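Labels run A, B, C and D following the written order; every chain starts at residue 1.
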Amino acid sequence: MRLREYEAKQLFRESGIPTPEGKVIRYAEEIFANKIYPCTLKTQVLTGGRGKLGGIQFADDPNDAYKKAQDIFALEIKGDMPEAILVEPKVNIKREIYVSILIDRAYRGPIIMAAAEGGVEIESSDSIQIVPITGGNYSSYLGRKMATQLGLTGKDVLKFGNIVNRLWDVYTKNDCDLVEINPLIVDGDGNFVALDGKITINEDSLGRQPRFDGMLGAHLTDLGEREFKGKMCDLNIVELEGNIGILCNGAGLTMATMDLVFHHGGKPSNFLDVGGGANKDHVTRALDLVASDEEVKVLLVNILGGITDCVEVANALKHYKEIRPKANLVVRLVGNNEEAAQKIMNDAGITMTNVLDDAVKQAVAVAA
Amino acid sequence: MSVLINKDTKVIVQGITGGMGKTHTELMQAYGTNIVGGVTPGKGGQEVCGVPVFDSVSEAVEKTGANCSVIFVPPYLALDAALEAIDAGVPLISVITEGLPPQDAVKLHAAAEKKGVLVNGPNCPGIITPGECLIGIHPGSIYMPGRVGLISRSGTLTYEIGLGLKQAGIGLSTAVGIGGDPIIGIDQKISLKLFEEDPDTDIIILVGEIGGTAEEEAAEYIKTNIKKPVIGYIAGRTAPPGKRMGHAGAIISGGKGTAESKQKAFEAAGVQVAVTPSEIVELVKQVLPAMSV
Amino acid sequence: MRLREYEAKQLFRESGIPTPEGKVIRYAEEIFANKIYPCTLKTQVLTGGRGKLGGIQFADDPNDAYKKAQDIFALEIKGDMPEAILVEPKVNIKREIYVSILIDRAYRGPIIMAAAEGGVEIESSDSIQIVPITGGNYSSYLGRKMATQLGLTGKDVLKFGNIVNRLWDVYTKNDCDLVEINPLIVDGDGNFVALDGKITINEDSLGRQPRFDGMLGAHLTDLGEREFKGKMCDLNIVELEGNIGILCNGAGLTMATMDLVFHHGGKPSNFLDVGGGANKDHVTRALDLVASDEEVKVLLVNILGGITDCVEVANALKHYKEIRPKANLVVRLVGNNEEAAQKIMNDAGITMTNVLDDAVKQAVAVAA
Amino acid sequence: MSVLINKDTKVIVQGITGGMGKTHTELMQAYGTNIVGGVTPGKGGQEVCGVPVFDSVSEAVEKTGANCSVIFVPPYLALDAALEAIDAGVPLISVITEGLPPQDAVKLHAAAEKKGVLVNGPNCPGIITPGECLIGIHPGSIYMPGRVGLISRSGTLTYEIGLGLKQAGIGLSTAVGIGGDPIIGIDQKISLKLFEEDPDTDIIILVGEIGGTAEEEAAEYIKTNIKKPVIGYIAGRTAPPGKRMGHAGAIISGGKGTAESKQKAFEAAGVQVAVTPSEIVELVKQVLPAMSV
């Protein structure tokens, strides 16, 4: 779950990372409470690249600021309307640095990633430095080590190290996947300040981070309508352009099935992984979700029951067929409790296909 | 023969009194796995699925001689359960639990490495040596015993391939479902090494998927360490970049983790790459007669 | 620094360990605010064994309690007068358990120590169980492991484990040397409650535990007057019965010197380790402290300068001699910066002895 | 020859810009120790005592090839400094700092053990190989080179014995001040093993004190592993029970850690026990001629 800038900065401040003294406004008129000029107005959207699209403006006086706030509130950034504007005093930037903490597969644990120059194109930068936090055991010297790798010297080593100490606190305390300060600036007085920040909370950890309760929905602006609905009931759906609805269990099998649909000349309208251990109700919700797409000509169900009980899936399919007797349905259902499921399907009049290639070819033929 | 588990493996189930733990204990028992006990703190002294429940892993190990633990406890309790098994000296642990917070996974694997314990998972289907032993959630009936070793990041796709092979009359020495999480214990390299050393495995199938660089690393490892033929497959060739594919969260981002990159790495390592699951079966069929010559 | 029972229980409660609902009173009259009877009145002294000496009383009604509170406030326990009484409702005890966490040399780290029976004579119990917390890495299973080692079963495993989880929190959060619940009781409803507790805060860690600022002095009731004064200015002095004052640097050398005084037939009046790196002022304070004992006939100074600069010691001795020209002083001073120190001593008219045995014999002869 | 350090040891000083760090860097340099640099975060680029100061240990190691670090930083910063040295691959670390919180010491030694790093201390005088190298705060002038190995829990008592030996014309191969804290890295057993293996050490002196059971454990170790003659000494024979003796906090409590127990253990292991420091010298004198026969 990616947080907005002002939310990230709130967590920064709680852990002692300096940020500009900002104010969040939700109506343009609130700008008149701002007393410090020149100021920066930043649209609070989740998508990146807002600066280039006009989402960040500077204002020298209240009238100027009011006009710009109105503009920003009316500005859609890649389909995302701002829910707020963050107003901050304009700061004097002597230097920009990039720094983040995230889990890295290759290092089998968290790493500190930083670059001596901040900026939006950091992913492609050659100057990225890495300091692994082996086994998740952090100690202050790791932040200072990064400081020296960045070429910082003197008091800046301690100042930067101190920022990383606090960033580690943010990272662990909130079960983050990523905490990033970009840019971390050095201001005119030599202080290190987080000018912009990005935090992604690990979604598997939300259940033990009560402070984020109920916040997920408002932080998923980059999803399509069905994708959003799916997410809200733990169904992982990705919308595609075709007319074959795919419902599988497990990411690998779902991807393989999608690949196979393309391979046999079909076009999937979506990709839906119901996950492990889905019961009848969950599968029913998944079926309804796919069926709600009017482009779907045929629904291809491919379930291999391991932790998923085939009987639960069969009952959901039976229910689906009862409601939509004319829907095109190609079903492959194999695995734990397969015989009992077979019986339910027979009784419901749903034919099953045993071989995956056959099932996919059949679905492609129906959809063509 | 086989790798990791066989008919002599003595298994305990952590979380045996939970719904999932109980269901899969019964399925494992039905398959023939030697389940010697279960662990649920606070429920010691009960009997579930005909085996004793203990309050702690160390007690279970002491009383049953277990040398393997399968973990079915809820995500936020899984780290503690795994640390308990590591501390109790269990040499092989399979963490079936999905949704373990990544920061917990880091601690789990650091502790396991320190003690030299093999951890399968988390978020994995477990391991099966057909005809001998099943740990985890694989549907046992879709595999048959044989001489092919199977390594897979994906659970259900493992079943798909096992089933395809069985339908073609080909069996497996062992199938290792390594799990789809970013940080796992028994990975592709460890599994490859075990199969290379197993006298009863002739061919290895390596099932990867988009995201990360594990396949590229495995390919490097194969180049210098694996003499047996390896057949590869990568799921997600047609996945749109930037989208998380499924619950396991495979993702192509920043131009990394693409199927092309993995396919190239496989090919450079002499791994034959199948484009569909059924092609894997075809490739195995081609290699098998060549070997019996 | 050992805390009093009510202070320990406050830390217990902050970490979620249940304790009886107690009230601290500092005047007997305050007992009338207590509404729950029967109740227990416990003297808040630092020394052990208060129960056998009448420091714990039960009362059935306010008048009874008032009388007993007066008695307890007047009761000295091994030289310690109570600073308060802890009043708690009398609890129904179904079972008593002992549990503690402390650092153990042999395990090179913290251990959980517990016994299935609580009680005052726990040190000599045969039923003590130990669970090491290797490398200081705690996880909940360790508490449950101890529960099973104690023979607890069923829900009690979880309840006891939960207590140990919280005890670990107390231990780490407050830099404790020891946290102990004795007895941890199981009450009539099956709840685990800390009926009495002992906490020792590590003294080297007080500087990073601001909540204990200024508390050390009030928690040193088992020291003699000079020992107390020494402690308050970081001088480690142990008072003995003889007439030879000993001032050394380093525990090992101080003990060796004390042993040698006895060996040569003398009787030390004290043992004073000025510690490492003492400067002139610190050594002066040490000399004054020893000299304040009128029993001291001769002061034996044995300093081997490593981290301690011999010049600093020489200047302190010079000053001491100026103020007390007639004091008997036997000095051995060797090590870093020895020549310069020698010169200062010569100028001050203090003779030095090079060999330790000679110095000790000389001191013994003077004191005889 | 010697153990742990010699003329080729390249030493860095962590906390070199502090008062104590600077003073003892000068003393070590005056003794002839090859100090190649210092580390004080935030003061990199300066020069102190004629050597460069670095912001980090890894930078110092990279630029100087240091293989030993002496730590003089304040107590609450010492854990981090030691972890930094461990992480930078320094194989020998001497923590002079006194007053390290015990919970920090546990973490320090766990990290060192994991990486196989030797840590001397904390709260110790360091190590000296007379005539070659001094790390820490030993007053160098009171030792002379020779063939006796000295192991001691107490700092100043080590000096006392070094001085007594020198006055008798006896020198040391190396003196290891292991430190008085409850949890230390290089302990009596490790030191004994090193001296046993050192061809240029003939006799070992083991200086213990009351408190703990380290001497009893060392005696057990000597029984089966040490062939060279060992002379023992225990400080605190006349200490009253229940009183913390000095800053290091040696204490006899609950009837444990007594001098009698340690003396018995020593004697049972064939260790000759001296009652006074000067008796140690006498015993060495007796053993030395016997060996030269």
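By definition in this document, a contact is a pair of C-beta atoms (placed from the backbone, for glycine too) under 8 Å apart; a residue touches a chain by one contact, two chains touch by 3 or more.
In this text the structure is predicted, and so the values were computed from the model without any measurement.
Across C-D and A-D, it is C-D that has more C-beta pairs touching. The chain with its C-alpha centre at the largest distance from the centre of chain D is A. In this assembly, the C-alpha centroid of chain C lies 27 Å from the C-alpha centroid of chain D. Per-chain CA centroids place chain B at a distance of 49 Å from chain D. Chain geometry summary: the mean Cα position of chain A and that of chain C are 54 Å apart.
Of all residues in chain A, those touching 2 or more other chains are 134, 137, listed in ascending order.
Contact topology of the protein chains: cyclic, one closed ring where each chain has exactly two touching partners.
Of all possible chain pairs, the ones that touch are A-B, A-D, B-C, C-D.
Of all residues in chain A, only 134, 137, 139-142, 144-145, 147-148, 152-155, 157-158, 161 touch chain D in the complex they form. The residues of chain D lying in touch with chain C in their complex are 20, 23-24, 27, 75-76, 96, 98-103, 106-107, 109-110, 125, 136-139, 141-142, 152-160, 163-164, 167, 180, 182-183, 207, 209-210, 212-214, 235-240, 243-250, 254, 275-278.
Interface residues of chain A facing chain B in the complex, by the touch rule stated above, are 103, 105-106, 108-110, 123, 134-137, 172, 175, 177, 202, 204-205, 207-208, 236, 238, 240, 248-256, 258-260, 262-263, 271, 273, 275-277, 303-307, 309, 334-336, 338, 355-357.
Residues 41-45, 54-59, 79-81, 83-84, 87, 111 of chain B touch chain C in their complex.
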